[in-house]
Amino acid sequence: MIILEDVSKSYSTGAPALNGISLHIEPGEFVFIVGDSGSGKSTLIKLLLRELTPTSGKIFVNKYDLSKLKRRKIPKFRRNIGVVFQDFRLLKDRNVYENVAFAQRVIEVPPREMRKNVPSMLSMVGLAEKYKARPRELSGGEQQRVALARALVNKPPILLADEPTGNLDPKNSWEIMKLLEEINKSGTTVLVVTHNREIVNAMRKRVITMKKGIIVSDEKKGGYIDED
Amino acid sequence: MIILEDVSKSYSTGAPALNGISLHIEPGEFVFIVGDSGSGKSTLIKLLLRELTPTSGKIFVNKYDLSKLKRRKIPKFRRNIGVVFQDFRLLKDRNVYENVAFAQRVIEVPPREMRKNVPSMLSMVGLAEKYKARPRELSGGEQQRVALARALVNKPPILLADEPTGNLDPKNSWEIMKLLEEINKSGTTVLVVTHNREIVNAMRKRVITMKKGIIVSDEKKGGYIDED
Amino acid sequence: MRISTFGYTLKQGLKNIFRNKIFSLATIATIGACVFLFGLFYSVVMNFQNIVKEAQSGIAVTVFFDEDISDERIREIGDLISLRAEVSNIEFVSADEAWETFKREELGEYVETFGDDNPLDTCANFEIYLNDVSMQDALVTYLESIDGIRDINKSVIVANILSSMNSLISYVSIGIIFILLAVSIFLISNTVAIGITVRKEEISIMKLIGATDFVVRSPFVIEGILLGLVGAGIPLVAIYFIYNNVIEYVVGRFTILDSLLTFLSAKTVFSTLVPISIIMGVGIGFLGSFVTVRKHLKV
Amino acid sequence: MRISTFGYTLKQGLKNIFRNKIFSLATIATIGACVFLFGLFYSVVMNFQNIVKEAQSGIAVTVFFDEDISDERIREIGDLISLRAEVSNIEFVSADEAWETFKREELGEYVETFGDDNPLDTCANFEIYLNDVSMQDALVTYLESIDGIRDINKSVIVANILSSMNSLISYVSIGIIFILLAVSIFLISNTVAIGITVRKEEISIMKLIGATDFVVRSPFVIEGILLGLVGAGIPLVAIYFIYNNVIEYVVGRFTILDSLLTFLSAKTVFSTLVPISIIMGVGIGFLGSFVTVRKHLKV
């Protein structure tokens, strides 16, 4: 499903954010990506979405060779991926309902279905009552859940979630993780970047640990690796 | 230092975010505020900074009666408070150094001292090398640490931190908490909103738990209260 | 594209206008101001040209005959002249008529110093009015070749002044209107550009979710067209009222100028002004949003 | 305010310009376009008024004397007239001079039908040139009260036309310049407003950190003034070159108009245009940023 071959990414300034990463993720896997702040986790997610292009190396996602993907084909490619961005990236001047519905509109879901899917997704993340609010009228955790609802509403074959519980209380975080696990069980490949040691240790999934742009460990049924 | 008397806050839409909160925090205290997503924690912080005004009730911060504070006096009042915002609120088109230095310029620190304070603060949060980067060239956790550096650089008598470790790995989070504890020991009153159960349970400080706009528990040397 | 998507796009275009009120107002205001200035000068210039053209049509070439000419020959000459393409009108003036006109127009105060005789008894003539003053020379060359004509009075100076004025005004008008158009396009695209830069983030989010360029761009383009339409419509209505009132005022206040100046009717001016302005507003609204959005689509 | 803070403020004002390049360019462009249009029309209007004023100064009141008047009395009358405030110049025209002029200017083609006599032998006169055509009536009333004057020729029509033209042009000019100024102020504050709305967030962050209104606002105001200065300077330089070239071209191309039209020197026009434009640019830059920032300061 996701293959990285010796991928590096350098921004115009500073040390390379990714430094020769190779990685295979099979369809239907549930993978945690953990690592220090600034170790390149978000960069990796952005590469998989083709928001960024790698400086070198090859990336395959969902059978697309990203280095050969034509600009025209990018939207089609992205429609198979649900993403939760670390900074949410909600549409500021649309309300919660419209933010989630937008993902459905993009894949041209018939309006009748959309009017069922969106509210049911919103109530799954506990925001059924807030559907009329604008993003700036929401608390941090509420915004994060809108972002999650938008990523999940299309039931995409791949889900990339960058720190989806950073602003959520432990109870909410657990509920969200259970939701992701469920979605994974129905066939979606799930990649979750997180700092939540408790959750990573409890769920016993594949854990990829990054440090300064390289993968320092990759364990099936792993846990959060502490240096100290 | 901080006194709230029967404070309520309703936004134009939805249920009240705070509903009759009373609270005393003594000078030099270290207080955790925990609670569900949307329980009113950020609203409380915004009231203390006078970013918002309460719908009813009285607030005293650092001997200022906020209901009587003249608009002209607000800047002077705010200079005694360091704040980490949940959404960071960095100045987008200034680099890391300038973002931190801005807090020093506001209180008119002589340039010579500023040129010492800012780099030393930046290295304390582990960003000494990134001083030239713009906020959008930083990872989530790095941005959060810039926000923290800006709040701390003036050594304010009061520190309000809204989720200061939400985007940080456990190791970094611990270091930041130790830093806050140190600052608290040197006399600063510290209020930290957090979802990090591990840290709250380990540090054994005063813990205020909120739920749907009211304080449901307030314990000296408390821990994270789980419902389930 | 599904019908529902199309309806959604249209609705979003409309909603965008209300979502970004400051930007929408700014765009309408800018387009409005530009169309307003353009329309104002267009009206002034059209009237100017019309006045000069009217003045030209009053200029005549006068033809005097040999002293021993027959009435027969005069009629022949008249027929020959009226066949020429550049001639709009020809009038025979008898010697008596010539003297009456001369007394009235030229002598004025001095008239009493002349007796009752007609000193101009050989001055029967044709007054030939032209379609275009600049064609005078061609006509005169032709007239000189006709037998029986003693002299041709061609009022060179006035004709030249008018024809120079005419081309000067044409040049200046074209210059001013061109500058105004350029400035307008510049200002409007400017406003649209700032407005869309603000929404750069929005555009990139949509693209990252998988929206095609077309879907992202359509609401912006619709918004641009609508803003252009409103922005062009308001000043047109304003100019219409201003135009009628100003002309009424000028005609009433400066009665002395009334005979000199013939103003165009609002209908005449607006029959070209309206389409130009609408095309300008809508075209710039469309192109402005189309081009500026493209810049941000490369996500 | 500390000196270091002042230096910092100044530097930030400058830096802001480069930080928000699109906005800075848009502002400069808008101010530039407005000052450009304003300057263009100001120049045109100034020249127009000058041309009409020159034309007026060629209009004279002509005074004829009683037939039996003595040279002595004529001289007395001349002295009386020259004392009047509205008179700019007075010229004595003898009967012979009058006839020569009449033959040359009025008779033209018809001159040969008159003999060698001077039919105007009682037509010695004074030509009185006025400071301002609109004062003609007052002068005529005075002249009628003087003994020894037979007749006064006051060229009512031309004088009235010119004085009407003069006030019509004044009204239209003031109207156009007023509209241009209003549109400019509107457009520029528009651009500044959008630009600062973009920075609303920045302003509120600064205020939440404890910055005073003054500290937050100063860099924006400095930025506004600098943009206004640059925005006004560029079109002034452009107009200067255009102005000189256009006049040179017109004078060269339309030689026939040269005698009719006297153009003002660039120096004359620019001595008022430059201060007005600079005040306009800087003033709007200052006010625009000052007022729009205030809106966002209430944090």
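Just so it is clear, A, B, C and D label the chains in written order, and each chain counts residues from 1 on its own.
Note that a contact is a pair of C-beta atoms (placed from the backbone, for glycine too) under 8 Å apart; a residue touches a chain by one contact, two chains touch by 3 or more.
Quick caveat: nothing in here was measured; it's all calculated off a predicted structure.
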Both-way neighbours, i.e. chains that touch subunit C and touch subunit B = A, D
Hop across touching chains from subunit A and tell me the fewest hops that reach subunit B.
-> 1
Chain of greatest Cα-centre distance to subunit C = B
Just curious, how far off is subunit D from subunit A if you go by their C-alpha centres, in Å?
-> 67
Using the average of all C-alpha atoms in each chain as its centre, how far is it in Å between subunit C and subunit D?
-> 24
Provide the C-alpha centroid distance between subunit B and subunit D, rounded to the nearest whole angstrom.
-> 62
Sites on subunit A at which at least two other chains make contact = none
In subunit C, residues with contacts to at least two other chains = none
Based on the touch definition given at the start, go ahead and assign the chain network to line, ring, star, complete or other.
-> ring
Each pair of chains that touch: what are they?
-> A-B, A-C, B-D, C-D
What residues of subunit B sit close enough to touch subunit A in their complex?
-> 11, 13-14, 34-38, 41-42, 86-87, 129-130, 132-133, 137-142, 144-145, 162-163, 166-173, 195, 197-198, 224, 226-228
What does subunit D use to touch subunit C in their complex?
-> 22-23, 25-26, 29-30, 33, 36-37, 40, 44, 64, 102, 106-110, 113-114, 119-120, 122-123, 151, 153, 157, 160-161, 164-165, 167-168, 172, 176, 179-180, 183, 186-187, 190-191, 193-195, 197-198, 250, 254, 256-257, 260
Using the touch definition up top, name the residues of subunit B that touch subunit D in the complex.
-> 49, 51, 71, 74-79, 81, 83, 85, 89-93, 102-103, 105-108, 110-111, 150
Which part of subunit C faces subunit A closely enough to touch in the complex?
-> 2, 4-5, 8, 19-20, 201-202, 205-213, 215, 298-299
